[in-house]
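Multiple structures are listed underneath, in structure tokens.
Look for chain A in each of the two complexes below; its partner is chain B in the first and chain C in the second.
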Partner chain A sequence: MSAPSMTKDECKQRVIDIIADIAPDEDLSNVKSDVKLRDQLQIDSMDFLDIVMELRKRHGIEVPEADYPQLASLDSSAEYLTPKFNALAAKR
Partner chain B sequence: MNSRAHYDVAIIGAGLSGLAAGIRLAHFGRRVCIFERHNAPGGLNSFYSITGRKYDVGLHAVTNFVRPGVKGTPLGTLLRQLRISREELVLCEQKRSRIAFGPRGETALCFTNDFAFFEAEVARVFPAQIDGFRQLTQLVRETVYAPDSPAQSARAVIQAHIADPLLADMLLCPVLMYGGAQEHDVDFRLFALLFRAILLEGLARPYEGIRALLRLLLDKYRAAGGERRMKCGVRRILARGGQAAALILDNGEEITADQVLSSIGGPETAALIEAAAGAEAPTPAPALPAGQITFVETVTVLDREPAALGWGDDTIVFFNDSERLAWARPEGQVDVRSGVVCIPNNFEHGPGQKLPDGIVRATCLANYDRWATLPEDTYQADKTRWYGLIQASFRRFLPPVGDAALASATVATDMFTPRTVAKFTGRLNGAIYGAAVKQLDGRTALANLHLCGTDQGLIGIIGAMLSGITMANERILRKPA
Partner chain C sequence: MQTARIVITGIGLTAPNGNSLAEFRRSLLNGVSGVENKEVRYMGQWPAGVCHYDALKYQTKKELRVGTRAGSISIYCAREALADSGLDLGSRPTDRVGIYIGCTEHGNVETENEVYAISKFGYDTKFWSHYHNPRTVANNPSGEVSLNLGITGPAYTIGAACAAGNLGLIHAAQMLRLGEVDCAIGGGVSESIHTFGIFAGFRSQGALASHADPKKASRPFDKARNGIVVSEGGCLYILERLEDAQTRGAKIYGEIGGYCVNSDASDYVLPNPTRQAECVRRAIRHAGLEPRDIHIVNTHATATPQGDIQECEAIRAVFGEGCPDTHINNTKSFIGHAMGAAGALELAGNLPAFNDLVVHPTMNVDELDPACALPGLVLNQPKRVGRVDAILNNSFGMLGINSTLIVKRFVP
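The block that comes next holds the complex of A and B.
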């Protein structure tokens, strides 16, 4: 079974799509991948909780509370989430 | 007969906090049902019609107004959490409001949605107090209203910065009028929250009043898949082993839910709890006494804008005619010495948006017991009498308008009393701001039953919605599905 695997860039786009829905008043056109989201966007802990919950709702991905720091930047999110996306795709 | 409904979450009350909680929970896939006893949603912020004319109850103004683009404030949080865009909730700003003290409002501080304007007013009227006022403002900005921060007397904290008791009372007045659940004083954390909401941020209103907001919330809730049962309140909460095991509805039906959120008030919720058949009686929680602060409100409907009659541009006027501001249940039926006037026409509704009538609402402290048990004819006669006394009182604080001109421009009047509030909302004593003691963590005697809304501690329209959001997040969504 070789499900087409998701690239890190595609994974980042999934995260961006979620942020765009959670925080439609943020300009996401110039988000830097290696900078903490919190340092370039007005995103608070309630918004982070929403990113986690949207990942669960839309993609069935569980992020335990201990792993929340992995979502700090787009790069770290992609590192952490891409294998999870691919593991889920392989199961389907 | 094993068909009783089961929900992930049952919410008691379709007010602003219950609806906001419901939107969050339904959006994230929980099976939710809101049970509302009344036929209209909104709870303490609702609406009614008499002879085709629409009236709002509750909403004078939406607090916490900031302009689009201003981030990191409660309004922004609320809109994001409920997935509401600024285009969906258009808010019209106040023109200018006023805190007026003295027998004819001789000492007045005006405010707008620009805090620098209010600060300049304080400097002009109370030049000796401006440094203390700035220190107090800084403290307000730094104060957090959270379960783990200590409660303090607002009067004591204000007094430490402001020596002139007149200014101290003038600063307390809008806060108490829009959220003072406790007699005589208020928790400084709540004072700070409301001071920010009213003065540091600002006041606004949807053109169509509370209906616009409720419609939006109901649409979001429905779209997210939430269920709602109207004219179907919760009569009993059956407890077993420290949990809410089942809910008995007004029609006798029994339903179950993993979690229950109650927006109907702390003492009101506690009164519904009883042991399930064969279960041990639940350990009673420390009793929260019912609140004592309630109001009467008069509504005067005019055939023209109040400004055209000569009542000026004020949006909200907080008034008090006495040396000090008394904040307690009055001895008599109503205390007309102080109150709030709201003129909905005096929001900047924008071109082409003119309210169909001129409306002036005036609100004064009242005593529930002195209204609750009157025979119907006495009740009606007292309403008429107090309507006149309240009008005579607030007119002292507005530009003069002749009796004949006012009478000929008046096309309708209405009035609600604490008895009306109790009847339609189930609030004990008609206490609009709920119990004097708040339960910031939302806990009750039962592990899976949580409070949201007024008695969880967040007051007002924005506060109620934030309370629903916070309790849904902290008590339910943070836990794995």
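The block that comes next holds the complex of A and C.
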């Protein structure tokens, strides 16, 4: 039996959950999916590395450095990460 | 050599039994301990001095997450000290302010946390935090203060084991006298209770205090003392040259009278009473005083069986019987050993005596160890005295570093 697929919205929520922990002072209720995260939140390069680290720790997802730009916005993150989440789920 | 007079114009602190000088002093005069049981990783419950200051008063949640506990304590103390001093940093060049913070050690907490974190991932170092290096560099606490306050002058830590709190103040005074800065934030901090290593190290050394009642665990000079209560805390002072303080009409807590720093050069951990006595004598001479002019001696005594006796030996050698107005106390009996913060905190707890003429006691002395029975020891109850013109603060540390700092009543 194959695992149910993750939707892009669910994937965005996973990213939001991570950002909520690494930028706990931010109001995340109105984050725009198509705008770069760094243009709408107080997130610096070290925080960005935290997103990568938490994807690794929480979900076992590796994001090679060359792919960091894929995490610029929620939309681009969902495009990039959803297949990875689903590929991992299929393996389990 | 003519040297500038240096005065204390602001104090910010967090102690296990108070988050301001007024609250801390009240606790010291009312027998309020700040020691409680704390869960120590791998070791279970141990008595520890835990601070309960409002960490979000001067930092965001993210700053607290990224920074260190030592940085947070430093920022809290620095901000409180500045507010207390009435100095407006916005109206003066930020590069003329120095930050000199004493630390026993720094980085153990963060390193232990990371090792523990990667243990959950099979010790794979790709899970090691990218914050590890900025958190563990030795200048972290001072650097966090400089970031938080936008201070662009020199900001660094002074590693001096448990003498570090005094060293931060002494170094600040020296930098002011050299003209390197116009205002100095100096003192010491400790985040030690968040590392199991310091507890385990003292336990292996046979020097970690235990007691069924944590409030009774820190008991210098008592016959049944059995070691050190590890504590966190911080105390930072604003120091200025007298003429600058007077120009702006600052409140003055006291004047740096004299000081000495020396080394035992005899053992990694065992104190050396001869060198301690030498340190105290030289500080008194540096202050232009005689032993009988010192009205409060705040001891370093940490409640180890041997260490207390050796410090008493040093104090007896200097003050002997000819100092009827010299009173001796100990602050660790209330708050445990705040390591790098100890000297700075313990001095602060005594400074109000210039005004209220009360010497806070050494508490938890149920049965005085005869080897520690110094004349002038103030036991269990505060003592009102005729005059307090000079307070001498001892802080000693491992590898044989000794420090004595004397603060005098300010007389224009």
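By our rule, the second predicted complex is superposed on the first by the 91 of 92 C-alpha atoms of A that agree within 3 Å, B and C clash if a C-alpha of one lies under 4 Å from a C-alpha of the other, contacts with A are read in each partner's own complex, and residues count from 1 in each chain.
In this text, contacts are C-beta pairs under 8 Å (C-beta built on N, C-alpha and C of every residue); 3 or more make two chains touch, one makes a residue touch a chain.
What you are looking at is a predicted structure, and each value in this text was computed from that prediction instead of being measured.
Of the two partner chains placed around the shared chain by superposition, chain B and chain C are both touched by A:Pro24.
Legend: residue contacts after superposition of the two complexes on their common chain; A:Met53 is shown touching both chain B and chain C. With both complexes superposed, B is the one of chain B and chain C in contact with more chain A residues. The contact surfaces that chain B and chain C form on chain A in the two complexes overlap at residues 22-25, 42, 46-47, 49-50, 53, 56-57. Considering their complex, residues 21-25, 42, 44, 46-47, 49-50, 53, 56-57, 62, 65 of chain A touch chain B.
In the complex of the two chains, the chain A residues touching chain C come out as 22-25, 42, 46-47, 49-50, 53, 56-57. For chain B in complex with chain A, the residues that touch the partner chain are 27-29, 68-69, 71-72, 76-77, 80-81, 83, 85-86, 473, 477-478, 480-481. Partner chain A is touched in their complex by these residues of chain C: 60-62, 65-66, 121, 126-127, 129-131.
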